[in-house]
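Below, chain A partners chain B and then partners chain C, in two separate complexes.
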Partner chain A sequence: MAEILIKNGFVIDPSRKINGDVMDVAIKDDKIVEKVGSGAKVIDAKGKVVMAGAVDVHAHVAGPKVNAGRLMRPEDKLFKSPDAQEHYRMEMGFSIPSTFKTGYDYARMGYAFVMEAAMPPLHSPHVHEEIHDTPIIDEAALPVFANNWFVMEYLKNNEIDNAAAYVAWIIAATKGYGIKLVNPGGTAAWAWGLNCLGINDPVPFYDITPAEIITGLIKTNEYLGLPHSVHIHQNSLGDPGNYTVTLDSLKLAEGVKARNKFGRDSVMHSTHIQFHSYGGDSWANFESKAKEVMEYVNTQKNITVDLGCVTLDETTTMTADGPFEHHLNNLNHLKWANVDVELETAAGVVPYVYDKNIKVCGIQWAIGLELGLYAKDPMRTFITTDHPNAGPFIRYPRIIKWLMSQKAREATLDTFKYKDKVIDATNIHGMDRELTLYEVAQMTRTGPAKALGLSHMYGGLSAGLDANVGVFDLNVKNMPSDPEMIEKALLRASWFIKSGQIVVKDGEITGHGNKRTVWVNAKVKANPQVTRDINEKFLKNYTVGIGNYPVWDALAPNPLVIDIDAEA
Partner chain B sequence: MPKWITQVGCPYCGSSCDDIECLVSDDGKKILETRNACVIGNEIFHHVSSPDRPKRPRMRQPDGSMKEVTYDEAVDYTAKALIKAKKPLIYGFGSTNCEGMSAVARVAERAGAVLDNCASICHGPSFLAIFDNGYPSCTLGEVKNRADVVLFWGCNPMHAHPRHTSRYSIFPRGFFTTKGQMQRTIISIDPRETDTAKLADYHFMLNQGHDYELFDAFRTVLRGHDIPAEVAGCKREMILEAAEKMKNARFVMIFFGMGCTHTDGRNHNVDIAISLTRDLNTHTKASIMAMRGHYNIAGPGQVWSWQFGFPYCIDLSKGTRAHMNPGETSSVDLAMRDEVDCFVNVGTDAGAHWPIAAIKHVKKHPVITVDPNICMASEIADLHVPVRVVGVEEPGVVYRMDNVPIQFKKVIDGPEGVPSDEEFFDKVYTRMCELTQTEPIWVHVKEHAKASSSLEH
Partner chain C sequence: MATITLKPFKTPELIIECNNITPDAFAGKTPAEIAELEIFEGKVREKLGDFFSVTGSSGKTAAETDILIDGDCSRVKYIGSKMTAGTITVNGNADMYVGGWMKGGKIHVKGNVDSFCGIAMEGGEIEVDGNAGNYVGCAYRGDWRGMRGGTIHIHGNAGNDIGTFMLGGTIIIDKNAFIHVSTHAEGGTVVIKGDVEGRVGGQMVKGDIYVFGNVQYMLPGFKEIDRVRKEIAGESATFRQYIGDLGERHPKSKGKEIYANLYVKASA
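On to the complex of A and B.
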């Protein structure tokens, strides 16, 4: 590491409202600086775009269900894996790539940080084993809480301080980052083969509703002042007509103010909202409610969302929403893996083909893009595919192409077998908004960094931030008329510098970087009741000893710990 | 004063119990006593202190005798053998930690080896069924807290997994199963009257090799169709009664073992067992689990799936991509076709478990055994490298039969100078790089890990 000067690029940095100005970016060691000496290595970015390293707010890249998908799908490797690059590890898999391929592919696209979206606490050592085997990118993981016995018990009694003490303990024990909710209450019901489809359906046995879990965990999150808001996958994912459930649960954030020291304004991140914006009451009259959902999101400044765009690929769905995967399996009859996790959560995995020849898949594709196009605030709307659920993350540049080009959207629409039916059920046809690269930078860099409370490290190019800089072969003053060129340029960065090291040149990996595991250490005052409850449950109901539960430091070998004092 | 160390993981069977207590001598070198372990686990903890245990590598001499060599010589021999071989096979891993598996994977990729684990001769057919049909499963705590009908199909935990029934599956009182065994209906399906069968409420003593038919009968009944008066040697009435029990259960758990994977039908038996589980989920909640044999035999399936995308039978000899095709790239088949020109046996005993004909083939070429103990594989080897015993002398992550990762701690110091599997294979890797004058790949992940593990352990 030393000094690098990226000269004369079109800099796009929404964190400073810089939109395509020709500027230099200077790097010293692992930070961006105001200027460097004459001995700095010079990268000529003339005619190219320079952006901060991108931040993925939600992807399933490490852990038990990702690996269940890898294990059960050898066909995901067959004819779909590239040749290994010399001096690098083999890269296997397409929708659920190996950890090495995951790190390399994200880096090739100029991504600096990826959030693993669902970590079952009991399996956290597994998640961290995979994270430390993923090169280059910084990663964190969100433990799941919304179906956890302790959490449901405390929230039922409205004991926010106890819930907070427990949540803080789990986040530290699992080296996690924040609070993830997946199908609140519904996954707990799945342990008996049931589900909660509405936010007021009582959770069997627990005498609590999804709405109470959501509200309680929002309060817990703000009580602790965590860097990220609660991160929620709502009830009734994937069902026709579910947009009302989505709106109901989004409304639970109304009037709640963010309390934290990380510059975060949001109190709820609603993830892969494409899967939650469905109208109709059957697959026959299935339709887009993207407009209704996004109009509400536009008015609510304390909500962030990510899109979860369908990419029209054969992929592997996986979620802690166990009952959904069972339901999906009854639709497509492919193989089905399930893992119910004692006291905590569940997960399911089902392969899925988003086929252009299927009407519903076309409508889903349109809904994801409509949500991006209806969004008024790109700082609160982030581009994802809920990797690998709606498609693999290597399709992000394709999503961006569609969002930036009506021509590209219409061209894809033309390939659909049921084009007319898709057009009838959606608004995508004729939508003429085309996002700018500046908006894309907000949606992939500055926005997600802010929502995660990581603006002090990622998402911009100000001096003092981490030296994560991507250079892409796009001329903002003269954008290519062929939208394919946008995808091509963003898929393979000309240069990517991660933490001050050049890790990509001309789209090829040139180094393994210096990946870090980011986790939050929230301190709360000692809570004897919670300590007693934890000990009791481990003694009576868990099958693993409490002493063997917290993740060893050695499993997160290059940590970046964010300390929080909730009492301060 | 000797001191008790609690919540110790047991490096024996797939139950991966982590509630063992060990009394350790003052000098931290010897385990004096254990609590909670089964007879076999107990033996492992005491065996590490056996005076007969090998503490230096031994190399076969031209006259056939074994002579002690240094670890550096062992590293050099292994590195050279792997480089020289066109298609080395590295096999085993039932009894080591994931750190070791990861280190070996790196070596195998560099060597262009075939990487395989004991599942190849054990639950390999289960993997084939999982590839086709999935795996609706759960963690063992779910069984303990919820299961009220438990099937043991072709497995005998009372012998093979001695504490399985008391910790997870038959006896424990869980949150929703407060009456323990009284609340559970146990169904054993086994041609023999095993000790597990003796505990069961229903024992289907089926005709050997007719498992598929009996599974099919259960599915047929559950779907509301009739079956013949006798299926696979079992009476219709009994099948109907057991099917009714399953249908009306709150949580059905199916455990299956070698009696499914290594009898007629093999992967098809497991496939239909999974289908039965799927069918049951339309009536109630049901889960299925393979009774994995060793405490970390689920480990290579996990580690290599995230590294290569495949759990076993991984052919890395192309250098560009991993290739898996059991039958073609499975250990015994490779050996039987004499395709392997160097064999490395790690943390298992291929000498005892493989067909003699297969062992005879690999014996034509260099054979290296990396294992703490004297075993048949060590005695036929050209080089035997003793290593520390995981879970006793070496910490590490292991995956229990339900794929739950458990961090096994170290209880006592290993014999002086004896490396762990991970350390040994990291040295082999470094030596291979020196010999081939190539750069090691992504080394600082190892440096970070070492720095933080010195703080931890």
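On to the complex of A and C.
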């Protein structure tokens, strides 16, 4: 590694409110610096956009359910995998790409960091093996907690200090990053073939409600002072009329203040909110409630969201929301995988075709984009597809195209078989807001970095931050009239520098980078009761011994550990 | 019509993958240009002309182009893959995936074909004078969208997994077949003139199967409901009609439940 100078590009860096000024960006080793010497390698970015490496707040890219998807869907690779290439590894798959394709494609789009959004703690070694096998991009993973026996028992009795001691132990043992909630209580109910569709439905056997689990885990998160807020997939995902459940659970964050040392203001991240903004009471009168949901989010400064946009592709759904996948399989009769993860969680996998000739799919597409367009604060609204649930991550540039161009949206709407019915059930038609690249940079870089408590490393181009810099063939002073050019430019960066190494040139991979695993080590004071509970449950209930449970260091050979002292 | 003749002159060390042997790829090209077309031997890119001599002339369009492969293609995969029109004749055997994902035109193989003949076919015609391996007219591994249209006629025997996930079209096997016929099918017709060992119509939702010989082991999910006289594949006979698979879901059409039909020729 050495010095690099990216000269004369249009710099877009919302972290410093820089919007298209022609500037240089200097890199020394793996950090951005104020200036470099005359011997630095010069990259001419004249007429091109320069942005920080992007940050994906939510994607399913590593672990047992991703691999279950790969195993059950060999057809995902058919005619969708490039031929062998000379210097780099084979790339395979579309919605569930191989680990190498995952790393390469994110890098080609200028992504520096990706959060694996649901890690079953028991299977965390597998998650880390796949993360380690995914080149270039830094990754972290969120262990799931909202259906965990320990958590439900502690929170039922309002024992936040015990919940915090347990959560801190799991995050360290799994080399995880924070607290993920998936269908709180509903996945635990699924063990009995049941579900919790409202936040006040009692969880069978546990005498606790989803609302109490959510509130308790928010308190736990702020007790520990974790870098990220709780990250929640609400109850009743994908059901017509679910927007009221969404608003009810968002309201649980009202009045709660963030307590952390990472510059994070939010206390709840509500993920793939497209799947949770549905009106109507059946698929017949299914409609968008994007406006109602986003108007609430706009007023609540301590909530962040990501969109979960439907991309109109054939894809693979996968979630720890076990009962939802069963429900989906009953709708489309395709393949279904289901797994129970002992005391912790469950998961399901079902292929899904978002067909533009199906009315509901068109409405879902519109809802995702409406949410982005109604958002008043791009620093709290992030672009995702809940990869691969609403579409594969390689469609991010397409979503950006739709958000930046009314012409592109209307052109897609024109291809729908039930265009008029989609228009009747949504507000997308005629919405004239067109996001700017600055707002896109907030939604894909500065905003998610802040929500994850990672602004000290990612999301900007200030001296001292990690040297993750993308150069894209877009002229901000003369943006293309053809929206397709936006997608094309963002899909394949002209240059991408990750941790100071040039890993992409002219859209092609040129290096395997210096991939890191980011994890949080939260220190709490010794808690003999929780230690005893953990030992007892491992003896009585788990199929593995406690000694075989934690992720050993060799599985994360290039770690970036964030230490926290919850007592300090 | 114009004909391009390919004559194999070298046996490949690995089996070669020749997705480019189609009237679509050859149309409008000179023999020299056709010889330059890319093929794969394992992961190595090679040229068609490394293994075949190319003579004759191609038509302007696929529909005006006939291809004659004058020799053995036992180590050549993907002949006629995705072709839309025109014809291919093989004077010998062919390896796997003959006519895979084919949309139109005709392929005639005078010898045997290996497995996956007519996989996920959408239209056109495949005729094989000899035997076929496994997976005639099946879906790609994992896919739920199998053969949708066209006709496959095997004059000899076929192996297992015929018409898996079939949605439309016709498969005719003149002699015997092994196991798994029309598994998961939701349409289409399979005719077996000889015997089948068993597992006929497992998880089948819709579509028709005709067996002129014996089904050695019937699946328990099929129920005999009638005796009918039918004409199929040029022959008329009396069949025992079964419906099934009773263990599968049964979609409704106009208020009536839909079943797949299995017709087994009644002994005289």
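Quick notes on this one:
As a convention for this text, the second predicted complex is superposed on the first by the 567 of 568 C-alpha atoms of A that agree within 3 Å, B and C clash if a C-alpha of one lies under 4 Å from a C-alpha of the other, contacts with A are read in each partner's own complex, and residues count from 1 in each chain.
Please note the rule applied: a residue touches a chain if its C-beta (ideal position, glycine included) is under 8 Å from a C-beta of that chain, and two chains touch if they have at least 3 such contacts.
All of these numbers come straight from a predicted model, not from anything done at the bench.
Once chain A of one complex is fitted onto chain A of the other, the partner contacts of A:263 are absent, as it touches neither chain B nor chain C.
When chain A is checked against chain B and against chain C, the one touching more of its residues turns out to be B. With both structures placed on the common chain, the touch criterion links A:191 to chain B but leaves chain C unconnected. Of the two partner chains placed by superposition, A:464 touches none, neither chain B nor chain C.
Looking at the shared chain after the overlay, A:70 reaches chain B, while chain C stays out of its contact range. In the overlay built on the shared chain, the residue A:37 is in contact with neither chain B nor chain C. On chain A, the surface patch touched by chain B in one complex and by chain C in the other comprises residues 72-74, 76, 83-84, 334-335. Residue ranges of chain A in contact with chain C, taken from their complex: 72-76, 78, 83-84, 333-335. Chain C makes touch with chain A in their complex at residues 40, 43, 45, 140-144, 249. On chain B, the positions that touch chain A within their shared complex are 6-7, 9, 18-19, 98, 102, 109, 127, 130-142, 144-146, 167-168, 174-175, 250-251, 278, 281, 284-285, 287, 301-303, 305-311, 316, 319-322, 324, 395, 397, 399, 403-409, 439, 441-442, 444-445, 448-449, 451-453, 455-457. Considering their complex, residues 62, 64, 66-68, 70-74, 76-77, 81, 83-84, 87-90, 92-93, 96-100, 122-123, 125-126, 129-130, 132-133, 135, 191-193, 326, 329, 334-343, 346, 349-350, 512, 514-515, 540-548, 551-559 of chain A touch chain B.
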